[in-house]
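Consider the two complexes below, in which chain A is the common component and chain B and chain C are the respective partners.
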Partner chain A sequence: MSKSKHNIAVSVEDTVIISHYASLLANNDIVESIATEQLRQQAKQSLLTKGLPTKKDEQWQYTALDSWKKILFDYSQGGGGNLQDLASFLPSFASFKLIFVDGVLNQKLSDNLTNLPKGCKVVIDDKNPRLPSSQEPFINLFTLTCKQTIVIEVDAKAMLELPLHLVQVTTQQSIEATGLAINVGESAQCKIVQQLVSLNGQAKFHNGYAAINIAKNALCEQFVVQNLNKNSFYFNNQVINQAEKSTFKSHYINLGSAVARHENIVIFAGEYCEAYQSSVVLGNETQVADSRTVTNHNLPNCESYQLHKFVLDDYARGVFNGMIYVAPDAQKTNGNMDNRNLLLSNNAKMDTKPQLEIYADDVLCSHGCTSGQIDKNQLFYCQSRGIRKADARALITRAFVLEPLDSINNLEIKQWLAELIKQKLDKEN
Partner chain B sequence: MSDRLEYNTEYEEINELLTSKSGGYKEGFFTKTKVNTFAKGLDEDVVRAISSKKNEPQWMLDFRLKAYRHWITLEEPHWAKLEYVPLDYQNFSYYSAPECSACSSDDGDSQLEISEVDEEVAKAFASLGVPVAGNADAEKPNIAVDAIFDSVSVSTTKREDLAELGIIFCSFSEAVHEYPELVQKYIGSVVRYDDNFFASLNSAVASDGTFVYIPENVRCPIDLSTYFRINEAKTGQFERTIVIADKGSYVSYLEGCSAPARDAYQLHAAVVEVIVLDDAEVKYSTVQNWYPGDKDNEGGILNFVTKRGICKGKNSKMSWTQAETGSAITWKYPSCILFGDNSIGEFYSVALTNNRQQADTGTKMIHIGKNTSSTIISKGLSAGVSQNTYRGMVKILPTAENARNFTQCDSMLIGDKCGAHTFPYIEVENSTATMEHEATTSRIGDDQLFYCKQRGIGEEDAISMIVNGFCKDVFKELPLEFAQEAEELLAISLEGSVG
Partner chain C sequence: MLLDIKNIHAHVEGDEDKEILKGLSLQVNVGEVHAIMGPNGAGKSTLSSVISGNEDYEVSAGEMTFNGKDILEEDPEDRARQGMFLAFQYPVEIPGVSNKLFMQTSLNAIREEQSLPALDMFDFDQYAQEKMQLLNMNKDMLERSVNVGFSGGEKKRNDIFQMALLAPKLCILDETDSGLDIDAMKIVANGVNSLRSKDRGFILITHYQRLLDYIKPDFVHVLYDGKIIKSAGFELAHELEKNGYDQIIADYQAAKN
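Showing the complex of A and B:
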């Protein structure tokens, strides 16, 4: 009984990949603090001892990484491609834009940082990237490769009407590991739109990490629109800390990438917090789209609501993994998680794990989950009223997938997101 | 915070009410009789010794050895949400049988003749209300019972009546001798010898169990049943049960169990294989009432069970119903492989944990055939400081056109120190499949209690009424007598729980 499955030596392939990413910053001119260096070393050690995730890892059994492992990504050497097409990707609503091309802030296209709305500070910190320490392989890869962190500070009581809009544009095959640190002050309110676009077919390895801290009574609403090309790989880990009576709203729109994995970890560090999390995931061809949430109800009287909708066509694979954890003293918790999936093709796959782990008795927790195809009766109803079958399918699919957007108050953003989703659906048809 | 204090006192009140009437674990007595028990420890010689004790043919010994050699390469699984120290498998005895003067242990046939049931053993079964040959209950009209005491089957009632219909109902050891071709064909066909750690262990050291074969187009007129009793200290019971329902047949099979209250852990690792052919139906009900250990987690049965049915033929149906109230640790996932077109799988479960019990239970529904459908209703109740987990998988393979699944798992928390968890795995690989899953977690509402009290129903009765209502969907699937037993068990197990 001496054999242990956990001590299998890390494969040569994994070692090559990890060493490659560890070497990316070797020629960095910046002298880093001892703490930063230590974190990077720790991350490297952790990766080298555990290796990269395989299908045998419980958390990765549905997310295949084979195609990602085939390419070793480097940082872009600058010089950007043709940016003329970018305009067509940008929404028409007013916002404060910061445009990063292949990981570098493009001053010409962005709004001037000196004109930021009152009560808000943005710093692009490349000297002291705020690195996380974790056991997660892709967070460790982030810690190993992160060059800069966008730090957004919202002052107490500031009400930012204008959304902050971060656009991350890809024109070259490259890795991007930009951190995001958002600190929302007491009673402040802000909206942050994060958009990822590819201007051509060049593959991107986006590995993001966001630390969002929301102070007492504050509200932070976040939109992540991932529309990279289908050669790209998207990984994003977000850790959200909420103080008393704060609200966090997150909307994740997954349209592109060969493999995409988005994870929110919400931690309630005060009572009477609220968190709304939604995702709209569209997948076709051989896309793999993974959306996951962990909601930690550590304290009493908090509420969390979730709605995740997947539409999968062709050979696409969807993964949803949600966990609601209720600590022993978190009485009066209200936790609700819904996952609805529509499979349009016979080869599409959906793997769902909606989990509840509950240690308190006075709680209302539920999860629901359905998978299926378009209801024949609904199709017939439309057809009997003169709507062609293809149109009816599109109509029903659209109605299905737009539901998570209902909780968005800002009409302009809502319409823009709806339009993006429709475009992708139409292209599929 | 004043709110919270109120709850605590409320629970204390209920607690007192219930403990004042507490009967505890009623089956916890111990039978003293002469036994033939192997020394503790497990190696290849022990496997050979078990086999020779039962005078088994070579193929059975080969099967055991193959399983044993595979088992030693495996590691004890700890992925379930159960906390237990790794077991020392050398510290259990792997064979124990009551000895009696009439049956010499080397005659190979461990099945005793009717008059030869050991007196003490017969008494034990009588006080458990289990009919065995010679006792007054044996002639109960509606049930045939195979009674298993530690490692051997001591009596099987109504065999002759059933034989007239062509039904084979006997102990597993007998079947190995009398129907070797059937056993050989089906053993390991649903749960392979290398399926998992505990299934391999069972395959290596399988003690006794029940063998049922229902011939074509026969509807078994009475319920078949097995009662398992673990008696010896520090022994393991490793029963192996095979149920085969040939084309167009029907059988309802029941399973009950209990063990003496001991202060050391006892091991129970069973394997059940059910094969359902065309148009046949098997209804498998279990009321599991192993000794759960005392309040401080001393002793109790460690229950690691692999149960699986395969709906091999078209239009076949496999239904699992279980009421789980006992065991210190429960690790059990009765599953259905829906292979035949139009086959149906069902799983109804009530799992109750109290004190320091831990249960990680659920099901697997593997849809392979066209138009297959499955229903899962799971009700978990946790009280005291127990942990109760539902872990289930619904897998719809690309070939399962128009598959259908409905899952509902509700958890109820009784007390604020227990945990209720739900870990469903849903894998859909066919777009024509429809699956629904819902789960809720809550507790007995104050307003529900108030409503009852206001109408003159005592707190204790109100709780038992609400709990029974919560479990009704499952109990209505149990055969009548069993449903009563389950309800009573639930009431007993809940005693002293609240607080």
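Showing the complex of A and C:
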């Protein structure tokens, strides 16, 4: 519930920014459909009427955008940088890889789209990008600037063992607004790994939008590994629609960016759905990391579980905002949401807002959150066993932050993620 | 001498006005078992904290040597690496860290100090299995998080298991018997007795005589008002059990005045 802004004129600064992003596709050679044009116009009008978020907006109170507003990002002109280092960022487990460099599919590095795993289709659609209509400023910015949608279709009953692996590589200062449309057919199963990496210090403005539809009895497990450099900005909105008896599992790993904001909106559109959502968020220096979820229990007999863990050092700022909504008819709902935060410095700050809105009476819902520093007694216990204080801190911190990975059944992916998290912790402590 | 404490004064960090140890002296040689008894609030737990180097306490005066070396300025981990071990009154839970990882890290830290090569997972497992039998422990205990979901007795047994693994020179047991039923206490006592050796010293801090009946210390000290006010052989424990602390405290007060 964001506060409405009455009669507040949009600032000149915001108008300049919005006009800039509106102009990016103006010289596009592609003739767009009337519907697409209309959506882009609507998005622009909405932005120009309401302006960009400020700290006065309840939903943006803790996610400062000042540094993002200072750079007007353009699309990359292509060409790409030195890609030699990319190999060291990629995991060793087998997957079907699609590698995008500065927003453009690199066919040399990617697996051949004609060799996709059986039961799966991928189309990179730049003629009819899927554009959402929304009131959210960054979704509107997406609609204004999106060039292409990666459409993934998984056939009914297909069991994809091989993970689909999307790698979005940045080598040049640029905006990237690539959409993701995932449709998982009835009784199908798939795993999708989305990895964002920077090969140098160039700033990226990543503004993603994903529409994930999971049909009856199907399972979709998603991993998002955000490891952009600290000059970058990451925004991602995901809307997940689940049909009856479907399962969605999402694991968000936030390691990079100056400002990052990841949001899942889960909608149960059938009974007996399950959703697992987890975050591992590491922040240091002046990083801002925001992870949020809205879980809509619209129908009875659905279950949702969430564990979000933040480790913040230096002047880092973490934000968690989670809402479980239970509709009047949604009896026998099981909704569980946990947010645990470890602050490694006195200057790190965490703002957390777990919310339950329950209109049914026969439900099992809980939420919890804790923020604290490393327990002194735990440290002393380790030290009294000969473990050096710094090692004890690392041991305790790792154990704390790796817990959300426990819900991952694929050991190779789990180990890869654990390794990335450990590396990040070791490098920065 | 293994541990030599001379006229130690200590207070809670940042609270200089409230002295807890007020000139305590204690000598422990290898091969000896010392019991420290005393009423609540006498300073028993402060003593174990000060010996093991807990930063919550500050020593304002006195001397303390371990193996002839001044250790007052040393960190807890350095004391542990030189062979000191504290079994906690309340062993601490560390969620997400398995006992195996915890104890392998600990053992290898201590082996590093002794210039011994680190034990890998396989060698550690084998070594740990031997010690676990000694304490009647379930094998799955190694895979569980440190003390998480353990009963009081399991936690204490886990501490004694750690003690057996690390084979320290000085073992300090801080109220290890509190909250244990008779069976758990016997297991703990057996563990301690099996570790008794001419190369090792013990300090048992306890409120009750029960544990001492199973361990039979060589010396019993009464701690009161931040000092040792009486020391004698094992027979003192029985005297305390029968007559309580009143007479000893009265004698001490009379001598003081």
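The definition used in the following text is that the second predicted complex is superposed on the first by the 424 of 429 C-alpha atoms of A that agree within 3 Å, B and C clash if a C-alpha of one lies under 4 Å from a C-alpha of the other, contacts with A are read in each partner's own complex, and residues count from 1 in each chain.
Simple rule for what comes next: a residue touches a chain if its C-beta (ideal position, glycine included) is under 8 Å from a C-beta of that chain, and two chains touch if they have at least 3 such contacts.
Worth saying up front: this structure is predicted, and the values here are computed from it rather than measured.
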Joint occupancy of chain A by chain B and chain C, clash or fit: fit
Partner chain(s) touched by A:328 [first = chain B, second = chain C, both, neither]: first
First, second, both or neither for A:378, with chain B first and chain C second: second
Vertex chain A; arms to chain B and chain C (CA centroids, nearest 10 degrees): 70
Partner chain in contact with A:344 - chain B first, chain C second, else both or neither: first
Partner chain in contact with A:49 - chain B first, chain C second, else both or neither: neither
Which superposed partner A:359 touches (first chain B, second chain C, both, neither): first
Contacts of A:389 with chain B and chain C, given as first, second, both or neither: second
First, second, both or neither for A:400, with chain B first and chain C second: second
Greater chain A contact set [chain C / chain B]: B
Shortest CA-CA distance between chain B and chain C [superposed frame, angstrom]: 13
Overlapping contact positions on chain A, where the chain C interface meets the chain B interface: none
Contact footprint of chain A on chain C as seen in their complex: 52-56, 75-77, 79-81, 85-86, 88, 91-97, 101-103, 105-106, 109-110, 113, 145, 162, 166
List of chain B residues in touch with chain A within their complex: 4, 7, 72-75, 79, 398, 411, 413-443
Interfacial residue positions of chain A with respect to chain B in the complex: 1, 3-5, 58, 328, 331, 341, 343-373
Complex contact set, residues of chain A against chain C: 375-378, 380-389, 391, 395-396, 398-400, 402-403
